[in-house]
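Report on the following structure.
Chain IDs A, B, C and D follow the sequence of writing; residue 1 opens each chain.
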């Protein structure tokens, strides 16, 4: 459970820093950042929901019968790339969602790959339905955390955070407290 | 082993195909141009060395122009573009013109106007009305303050004024 | 003649942040008395320690941030943080527990975010969650309620001071002899050992409502909370939503399997239900702000609390639930803006 | 959709102080100062010159714009100056004023009484405009343009606003007590101008004497169109949109005006002034001013000629008593604190409060917002002032826009209930211009872009046509050459 959490929060942090250019105060760009977060959150949620059963199928139908379990991580990464590209193409016309950054596809890919591999290794899904649920769960969890974090940061802009703690440090502390809160869920999921 | 290699090759091929088909850069640039254009002040003054805001946006999208070439938008626009494109912000390059604190609009000294229509042709937003041999006038509400009409006037009867000055005169 | 000027309005209600905080403290006082009646003077020591450290940390933070001590030190917010944290801790917890928790709460959860009004998380709950995650063992050392029919060894006033400040029990006492799990922990342990709820409740520490002693403390807190509602210091939305979100699943699960799931009266009067509903979740700074948002926020806390209590790894989940929903507040606020006059719904 | 008014406050009214003595007309001063822009909209244009002799009631400045009001001399005498003078409604900027020296003759240039029923509604509203009528509730919005807009629908519902919700003010109360017939006469005139079938006179329930007087006058008049309705005393239920919502249960759309929903709201004072203009030929040259506050020896309601220095009104009320903390024009919630008392009475001056420190609860030390939500409960337009405050601090204009900053009516209810003593209304007043600028510049950019694009398209089309013609010509020429060769 806690390793799941750490990976989820880690991806939230990475996504957020990818959205805001680190080291800058952005008083006027709030909506861009939040819209970007909505874009990444929804893309990741949809992507994981699809990726998880897809990789389950590949695993059960191709890798295991062929005794190539050792290829699983590599194949999942490739599937994640595929998924990211498809999503990017599908989302392309949602201009207000999709931040037109060069790194967007790459971020989505890494996100998908990382979370996808994590799901595979951590939550051993026995059925296709379980795989779908695990993917959707992680995706929605990631989306909720990222959006909550992005709007927390937006609210934080008016706060008189001490100079040396502005931006990245306070963001890290916030993520830390969020992790602390989520520690309360330990024991709910047996790994 | 051979099966593994074959599977990898198969997946690789599919990936390559998708990559090739999805990376249509033209479409991507068109969308990026649109998003950049949304952030420009639409003065259409051409001080950025392009003929208008949209051409400048296209040039930025292609990577042929920098984000700090828009004096009417000032540092705010440069910053908005920096945020959009994920680049470090920079102030407007003074080579492209000075950033004015208050917007100006064109004003025609109507008695001096000879009705040559040169300014009408120069105006990028059709904000000057008048006909050949007749006096011209600026629609203040539509004027973006691009100053493109000032130079063509053969009798130098156009000048830039603040909106309040124009309203008073 | 000339006169001084100032922007309108020229009349404001005689109200202040300090008044709000002081009234909250008054509302907490009966519960503290009740706590002392059932669990001894330990809480008074904890509260004094918690409040002093909270004030000291507040003063240090204000100095470091170049802020005036007045009015910020005297606004009462640090005192509330100290009191709430102390009320969550076992009466005999060693002094460094409340000291570090209180300091962490005020310094990290409050002042790093910009002080009063800017903290997205409830400081007392951040402090408590840090302690709960870091020192789980010390936080389970609760005492049994002081009731005539519960014959257990009981530390005296001197023992209490000795234990808190020395960090260990005096020689004539042992932890096994004097501690007893809280009703929530006890229920949880009994159920996980395969007992039915009826068997678990045969334990004399359970009464008609929930754990004895605890039920009275919770009812006193309910009384204090209702008083705050009457004074309009807090609004009904958060407590009602939170208690309903604990009560409804509790009632449903209890109806499904009365042997395995305690009912709603137990849940409502056990642990930090009432303290959470009326004094922690209603902390306006870290709570959602529109009425609809408050309902969502309160319901979220109640539901997460029930889930953690019933299926999670911790006996009580109020602190974690509050922190989780604190994190969601700006998002909730974003999507629950009420309709403005003259705009279509 | 029916709605009740949200929020609001029950405030101590302090109105009995100024309603003990009957209404009294005070003598005209030696000199009057009449600002040209004392109404909402564009300033009036002077039609007299310095040195001209004018009669009381003579037109001295004409309304030239769509939204403007004309101005009349309130005393007979000589125009001394037309120059910038300090005015009560603007803090640091003087306005151009016509200054008239009173010659003491009281010679009046009264117009003849008019049979309003013979006039068609459009002409009647023009005529009402000629009398310099503006809303006397405090906003001073010119009456004629408001009537013009109201005429566009078919017979709107007329609301006469006698809900004087701000503390201290009692000028409408006194007017209703003493001149109920004149108000109803004005109501009948307005009904004709608007072709309205129904007129509701709204009176708050803390004015029983005024309500009784109005009911008696209505019973004597036998006008079926006019209804008297009592409403609870809640601040700011007397605001235009608020009174409409209280009475009709309808909300005035944010993007529209009351007339869009077939309702028109006028102040009772305006109705009385209109009746006086139609029946007696006296334009708007005097108004009732409540002079009150614990710092006034003999508080009461005075009828003062426009342009009279406020110090004159104070002197007529027995002068100051005690050390004055603030001199307010208007009530204590939305009134302006005046820096001096030699400013002229204008059409919008409904009340003067000479407040001792005990009358006011001035703000204490400002503390950070604790998001208690008192403000959003009190807000009559259902805003979230706590969120607006937060985003105003971070200059987050897109958040301010979506939270509805532009819908704020600056009533100050949020300030009143704030435990942190934050000057919220002032903060919103300050943030609005920046947001307006942002909105207009965005609008302008959008327009400029459309114009640029359509021009571009047109030039391209012309160029294409030219090319096509050229190609045709060339083709024809080559054909000619080939056939010729």
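Note that in this section a residue touches a chain if its C-beta (ideal position, glycine included) is under 8 Å from a C-beta of that chain, and two chains touch if they have at least 3 such contacts.
Since we're looking at a predicted model, the values are computed, not measured.
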(request) Report the chain whose mean Cα position is at the greatest distance from that of chain B. (result) C
(request) Give, as an integer number of Å, the spacing between the C-alpha centres of chain C and chain B. (result) 57
(request) Would you kindly tell me how far, in whole Å, the mean C-alpha position of chain D lies from that of chain B? (result) 42
(message) Based only on mean CA positions, could you tell me how far chain C sits from chain D in angstrom?
(response) 51
(request) Quick one: report the Å distance separating chain A from chain B, using the average Cα coordinate of each chain. (result) 36
(request) Would you please write down the residue numbers of chain C that are in contact with two or more other chains? (result) 115, 118, 333
(request) Among the residues of chain B, pick out those that touch two or more other chains and give their numbers. (result) none
(request) Going through chain A residue by residue, note those that touch at least 2 other chains and give them in order. (result) 28, 154-155, 158
(request) Identify every two-chain combination in which the chains touch. (result) A-B, A-C, A-D, B-D, C-D
(message) List the residues on chain C that touch chain A in their complex, please.
(response) 64-65, 108-109, 111-115, 118, 120-121, 126, 129-130, 133, 304, 307-308, 311-314, 317, 319-321, 323-324, 326-331, 333-334
(request) State the interface residues of chain B toward chain D in the complex, per the touch definition above. (result) 37, 40-44, 52-54, 124-127, 141-142, 144
(request) Provide the residue numbers of chain D that touch chain A in the complex, in ascending order. (result) 390-391, 393-399
(request) Spell out the part of chain A that touches chain B in their complex, as residue ranges. (result) 21, 24, 26, 28-29, 32, 62, 66, 68, 71, 74-75, 78, 81-82, 85-86, 88-89, 92, 95, 99-103
(message) Under the definition above, what is the set of chain A residues touching chain D in their complex?
(response) 27-28, 30-31, 154-155, 157-158
